[in-house]
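Consider the two complexes below, in which chain A is the common component and chain B and chain C are the respective partners.
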Partner chain A sequence: MRPGFADPVLDTQASFRAILEAMSRPGRIQRLEAAPTPPAPLAPATAAALLTLVDAETPLFTDVGGEAADWLRFHCGCPIVPQPGQAAFALIVGAPPSLSALPAGSDEDPQAGATLIWQVAALRGEAGWRLSGPGIEREHRLEVRDAPASFIGEWAEMGRAFPRGVDAILCAGRDLAALPRTLRIREG
Partner chain B sequence: MGILARSSAAAMTEHLEAVPPLPSHTRLRGPETGLVMLRGRAGGDGAAFNLSEAVVTRCSITLSDGRMGHAYILGRDDRKAELAAVLDAALQDPERRPALLSGVIAPLAAAQAAGAEATARKAAATRVQFFTMASMR
Partner chain C sequence: MTADPGYNFAYLDENTKRMIRRAILKAIAIPGHQVPFGGREMPLPYGWGTGGIQVTASLLGPDDVLKVIDQGADDTTNAVSIRHFFRRVAGIAVTTRTREASIIQTRHRIPEAKLTEGQIIVYQVPMPEPMFRLEPRLTETRRMHGLADYGVMHVKLYEDVACHGEISIAYNYPVMVHGRYLMSPSPIPAFDNPKMDRMPALQLFGAGREKRIYAVPPYTSVRSLDFEDHPFRAHRAKGCCALCGAGDSYLDEVVTDDRGGRMFVCSDTDYCEERQASRTENAA
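So, the complex of A and B:
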């Protein structure tokens, strides 16, 4: 078993600040320096986001197993649920499930929508998708390597149900970017 | 673990000097201090109620061979929690277990038993016999 954050209090605060910054500036890549060294297949940024956001009150759906799942259970203390529909957070390192499979909240309680923590191969600004929406003056670019082609269509489909929807946090290595549900994505 | 939880860090360190040194370890979590709610039941079978909160320190460590040790102790003694967690992990090792059991755990258990007996003796000396209907008959 590997340890979590070296300094649980300050590192969690720094990660929370980075996630907040990422959510307020959708598509801008944040670099997490104070990330732990988690067991494979988790990346440092993924682990930092999980340690910061997930706890005993947030059921997690995940496609990782073995040592990584044990590590999450120990350090986050979160219940791991078998169906994405029961989750508050979904940790995905492989192909993401259909966005409609995750809870989207209701019109009265849109905050009950799940957050997708999606680990991708690499993130790069200045290329790829064209992002617009609240928090972006004109346009941000974000390239998500190996993102499935159907993702943009599903995202647009989800946007029609606003304020219901799913927020996404994309992690790769020590980099992290967020896609809040208000974001509009166009192919670059 | 109960014996370790009831003894002090100083007593543990003292007995550890006599046995082979403990293996090196990595901290997984803590030592960190928090509160736990103690719950009680009136008469042992009544409805549960919150009795009070207690200060508890916990620590989890791992040894280089992958064995994990955990400790939850009453109070705020970080060093005691860490020592107890390391001992918990080391005691799982069949090679270290006999030396640790005889060198550390047994003397601590004996000291605690002696302390408990001394308290019981003191209490017994001041015991008052009430003459009830049952004993007078």
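So, the complex of A and C:
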């Protein structure tokens, strides 16, 4: 079994602040220095986000199995659920499920909307999507390698249901960026 | 100062921090929406900033520099004791300088100095629900937020204008966040409301007794409610600070004797001290 964070208290804190910064300034890429070396197919940033946010109180839906799922069960202690509709967090390393398959919360309890932790091939700033919304002074750019073509359309569709919705944390290698539900995404 | 080994870093246990951190992220994703959280009992009573302290404790790392203010002042009981608390349980550096701080926990003021992208401001909130004096049932206000049904607050402002000729709210002046959620800015003076609009720093709000966390992300629209013919005005006492001469800062009125003597001084002690120091330098 691979270990989790070397320092569970301070590494979690550093990783949370990176996620906090990513969520407050959508599309700005954060680099996680203190990330664990998880079993394949998990990337260090993905593993850090999971260790920071997921625990026994948060049902997880995931498309990983084998050693990675065992690692998650051991370190996060999270229940793994078979349907995305039951999840508080969804960990996806392959093709992302339809956003509408994840819980979006209700108008009174929009915070019950799920968080998608989506591992992608690579993240790059200064190119790609044009992002605007809360947290962004004028415009941020974000290129998500191999994002499905239908994603922007689905994201815009979800935006019409605000405050209901899903928030996403994108991970690649040691890099991490976040897409809160308030974000508007346009093709670059 | 090193952290007291008898406590986990920053006092809270890791499960609690994780729960609060999840609430903070959702609060940022839904600007102005009150996210419930499992507020813990803290070693000081409700009303002394237990919500703000739990938010700060979930953020703090060993490299942070913390500033705590109470009504603008760094040297009041609440500010001193919270600073001491975090020095003891987290061993972090503290400051009174607004510009040196990475996290500013505040009770009822926003510093006069402009906050920057590298900073986070944490507000202590006694009552997160902006409509609680108009509708005491939280089940109802939850529904009103869900439907963005804020007519009752506009009626209250209208009645103010009808009775007093102006909107008579001096502090805790309700704001609309990102054009969607009505939010209590905590009991800051209405003078500070314009500073919240499109602020480069992240703004987090913690209410310990009511167990709610909410947030305003950077560069987010925060509009004080008003009417076209009665636009919002930020009030301040007419006068200058008696110590530093500032004519643009928020002033406290201080009674100096029992014969009607009084003076106005800056409520933001750091702003005032910096101005006094630069005046002495210029004179020298």
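Worth a mention:
Note that the second predicted complex is superposed on the first by the 188 of 188 C-alpha atoms of A that agree within 3 Å, B and C clash if a C-alpha of one lies under 4 Å from a C-alpha of the other, contacts with A are read in each partner's own complex, and residues count from 1 in each chain.
Rule of thumb we're sticking to: contacts are C-beta pairs under 8 Å (C-beta built on N, C-alpha and C of every residue); 3 or more make two chains touch, one makes a residue touch a chain.
These numbers were taken from a predicted model, which means no experiment stands behind them.
When the two structures are aligned on the shared chain, A:14 is found in touch with chain C, with no touch to chain B. When the two complexes are overlaid on their common chain A, residue A:116 makes contact with neither chain B nor chain C. Contacts of A:55 after superposition: chain C is touched, whereas chain B is not reached.
Judged by the touch definition given at the top, the superposed model places A:74 against chain B, while chain C stays out of reach. Touch criterion not met for A:90: it reaches neither chain B nor chain C. Which of chain B and chain C touches more residues of chain A is settled by the count: it is C.
In the superposed model, A:107 makes contact with chain C only, not with chain B. Once the two complexes are overlaid on chain A, the chain A residues touched by chain B in the first and by chain C in the second are 8. The part of chain B that touches chain A in the complex is made up of residues 26-29, 32, 60, 62, 66, 68. Contact residues of chain C toward chain A in the complex are 8-10, 14-15, 17-19, 21-31, 33, 35-36, 58-62, 117, 142-143, 145-147, 178, 180-181, 198, 200, 202, 217-220. Taken together, the chain A residues at the contact with chain C in this complex read 8-10, 12-14, 16-17, 19-20, 23-25, 52-53, 55, 57-58, 106-108, 110-111, 113, 115, 134-137, 162-163, 165, 167, 180-182. The touching residues of chain A, counted against chain B in their complex, run 1-4, 8, 74-75.
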